[in-house]
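Per-chain residue numbering starts at 1, and chain names A, B, C and D are given in the order in which the chains are listed.
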Amino acid sequence: MAEIVTLAEAIGELVADGDVVALEGFTHLIPTAAGHEIIRQGRRDLTLVRMTPDIVYDQLIGAGCARKLVFSWGGNPGVGSLHRFRDAVQHSWPVPLEIEEHSHAGMANRYVAGASGLPFAVLRGYVGTDLPSVTATIKPITCPFTGEQLTAVPALNPDVTVIHAQRADRAGNVQLWGLLGVQKEAVLAARRSLVTVEEVVDELTPVPGAIVLPSWAVTKVAEVPGGAHPSYAQGYSERDNAYYAAWDAIGRDREEFANWLRQVREEVPA
Amino acid sequence: MTHTADEMMAIAAARALSGRQRVFVGIGLPSTAANLARRTHAPDLVLVYESGTLGSKPDRLPASIGDGILAETADAVISVPEVFNYWLQPGRIDVGFLGAAQLDRFGNINTTVIGGDYHHPKVRLPGAGGAPEIAASCREVYVVVRQSSRSFVDRVDFVTSFGHGTGKGDRERLGLRGAGPTLVITDLGVFRPDPETAELVLTDMHEGVTLDQVRAATGWDLRTAPEVGRTPPPTTGELAALRALKEASR
Amino acid sequence: MAEIVTLAEAIGELVADGDVVALEGFTHLIPTAAGHEIIRQGRRDLTLVRMTPDIVYDQLIGAGCARKLVFSWGGNPGVGSLHRFRDAVQHSWPVPLEIEEHSHAGMANRYVAGASGLPFAVLRGYVGTDLPSVTATIKPITCPFTGEQLTAVPALNPDVTVIHAQRADRAGNVQLWGLLGVQKEAVLAARRSLVTVEEVVDELTPVPGAIVLPSWAVTKVAEVPGGAHPSYAQGYSERDNAYYAAWDAIGRDREEFANWLRQVREEVPA
Amino acid sequence: MTHTADEMMAIAAARALSGRQRVFVGIGLPSTAANLARRTHAPDLVLVYESGTLGSKPDRLPASIGDGILAETADAVISVPEVFNYWLQPGRIDVGFLGAAQLDRFGNINTTVIGGDYHHPKVRLPGAGGAPEIAASCREVYVVVRQSSRSFVDRVDFVTSFGHGTGKGDRERLGLRGAGPTLVITDLGVFRPDPETAELVLTDMHEGVTLDQVRAATGWDLRTAPEVGRTPPPTTGELAALRALKEASR
């Protein structure tokens, strides 16, 4: 049974220094508010996992929360680079950042394996690319029936996965719709999970295209309206494209970023 | 109407798509071109986005790969694992439409690191995203890229997505089932792999572009097709449709 | 683009003697009418594939259409045995029936591999059971990262998959809801596919829990109202439990079955 | 109220479930027992059916594993691959609740063939269904079966679903992560694996049943627990609930 708590309580109880943490969301439903709370609580040495690290990961990296990033595409979508990410990779600022780099297909299948209780997944992937030469978690595997060679990647099983969803009911059942990304797999692959939601409602009325994560598959739920900003929650909010554009200047400059960080640290958590 | 080189590139890329082709669409230039094609001569194109939409029909350009309009107008919305495993990997997609930071003479794509070595790059790019498997599994790959001697290189610094490797036959040897890059469209012209060597050769130049210009923007000793064609300039209708699409997206 | 045709045309064009054919449906949405049309068209030497062969497979087997059955649970659900299936296995009547027997998890994953363009799937399955000793398509596989031993099963790629769904639009896009079984995977794993539907409509309005198979992933669509009887189509019909019970007496007796067969062969196809 | 042996069995099986346990429910006797439990002392049980329903709350007994009422009353409806891969296989289910045609002294289950050999069986049974992986992956397995010397055998003719193999430690050696059958409920009594040997021993007898009766219905030299208990007879409430459930299902 998912327990309904505040965001501060949830992060405090679920995320520890050194954890492997996935904040998933594929453009839609990115759990940004939870990322800010991790910054406020000053977590360190996290291994951050995400297919598409964007602004909130740039912020976590810039704040010095991470020692490693596992990912397949890191950028400010539609805008450009993640400057805090680049600064960490290229200049170890504020701390060195190790990277483990995959493709989307590889990362998606790593979550699928994790959700399925398997140690690895098989795909037609990476063949001919330079990725296997820099990433140890890509290996060949041979089909025992045809002899064909394919690619294996190990399961991802984060200590904690955080996602954002539209709604939960008071029992902690979670409902989300629109682009679903890899969120279900990321939650099911994790040892513990937090879902921040736009609202907690009495009843989850059916919505076309919606999926439900039963309460017993989620550790904690926190009501955080707007918790996906600047991304969006279909049916609740629009993507704040201006924020993505504005982040470029903030992220580009260490001092601008320090100002931003000071503000976030002073915010009262949701 | 006069037009910019970027507009010519988008229109030339759009023209490459036709009929009911299933197109796996990267964000940026490919998405612009694919949506333009759907709005002009190819209304039945099936646009597939890696965020998990099959048959998206946006009436403006999506601001990101996960723009809500892609889901709202799709025939089906599916999870990201499903789009890669059930739809891309088995070869159901006709055309993979990709951009590139660096592209080399054999159509290999780099979107990972430029300069230095992998661990100490001069420029850290966003990384692979869906591209390696799009390049591997689509029946064909079209690349659309702004051309310069920095982006059009003899050999990419990092092979993020495999094109034709070091030449003809490499894909077959690796067991890749798609044909790889069969068409490259830039702001200067159109390139196709030589049938014998798989090296990219110039097959068409856009209006007003000279061969010297193309050579200057190519980082290897460029060969040309026996006859280099001229891209027909944008029609009034094409330009109007492109500008309307961009206007609707502001 | 799926072509909309009659059932007789669809079976005539898609199913050939000797084909590997899957008629899938997990209690719900079983494509029975299509099975009857295969009987009427006198197909022979089929390899029939299905997780849960029930009455329609008993009928196809009794009619002598099949030389092999690939399955994981064969019975008349809630009633008892499939007597035509038993007669074929135990007495080679009317023709011998080879069997290839799996578990549900194995069959489901074989379809998943087939739909995914992979030659095999990996699962935690079959361990300790006698199934690997009688089924050649179950083999061990070792995780290249952990060294753990798991089980591999080969992909299923039927020549033809047939499913029943609630609706299609005039472009051939297919919509189904309720229990979805393994139907999507079975269609995507197949070289050719037929979907019989309750009705062809102008527009597929959204339905909670529904999935859509795009027209370009389906070969043919045929409008066959009631085509899942005696199973059901949620929103259109109820399961005919009396028919399942009544089948027991018909299937049990070769002569009764012959009478049934004569009737089906004389029916005008939908 | 008087009751039948089948009613005692269903009620004893229902009593074995409690709280918020997640139960993977086979059709037939297990489904009757699980639904009875949900209607009486364990309203928060989570019933999972292999047809792809999580948290079904039917108000009558489902006529089949794919009865529409299972989907209509579920918290979530998912595909069959998903129920096995995402929900059963990783060990998310507390109790796998299975029936059996044959069960042996070490809790191995046969639902495949009886007599003869596999290719020429005396009786061809339906086969494995979901049971092999349910027996492997649930934290515990409860088996509910009508007992006779034909169904309760020394060694099953075919191991469809692995119980404790040939004794204690076999599951660990094979890397199976669930505890296997920890409870067997029949129309005569209750059996549990001996902690030392994993052999099923009689721990309780239902009201009115004698040890001789149980021995006669057991195909091996049955051992009993140091103290064999007596199953409390059905309460009026339990019987009424069971009969109402069955009545609603006609």
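By our rule, contacts are C-beta pairs under 8 Å (C-beta built on N, C-alpha and C of every residue); 3 or more make two chains touch, one makes a residue touch a chain.
Just so we're clear, the structure is a prediction, and the values are computed from it rather than from any experiment.
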Interchain contact steps from chain B to chain D (minimum; 1 if touching): 2
Chain centre separation (chain B, chain C; CA means) in Å: 40
Between chain B and chain A, distance of the C-alpha-averaged centres to the nearest whole Å: 28
Shared-contact residues (touching 2 or more other chains) in chain C: 117-118, 123-124, 148, 184-185, 209
Sequence positions of chain B contacting 2 or more other chains: 85, 89, 137
Touching pairs - complete list by chain label: A-B, A-C, A-D, B-C, C-D
Chain C residues within the chain D interface of the complex: 26-28, 51-52, 71-75, 77-78, 81, 85-86, 89-90, 101-105, 108-109, 111-112, 123-131, 134, 148-149, 178-182, 184-185, 209, 231-232, 234, 238-239, 241
In the complex with chain A, residue positions of chain B that touch it: 27-28, 50-53, 63-68, 70-72, 77-81, 84-85, 88-89, 112, 118-121, 124-133, 136-137, 158-162, 165, 170-171, 174-176
In the complex, chain D residues that touch chain A: 20, 22, 46, 54-55, 75-76, 85-86, 89-92, 137
Sites on chain C touched by chain A in the complex: 117-124, 137, 139-141, 143-146, 148, 150, 152, 154, 206-210
Residue numbers on chain A that touch chain D, as the complex places them: 1, 115-118, 173, 184-185, 188, 211-214, 216-217
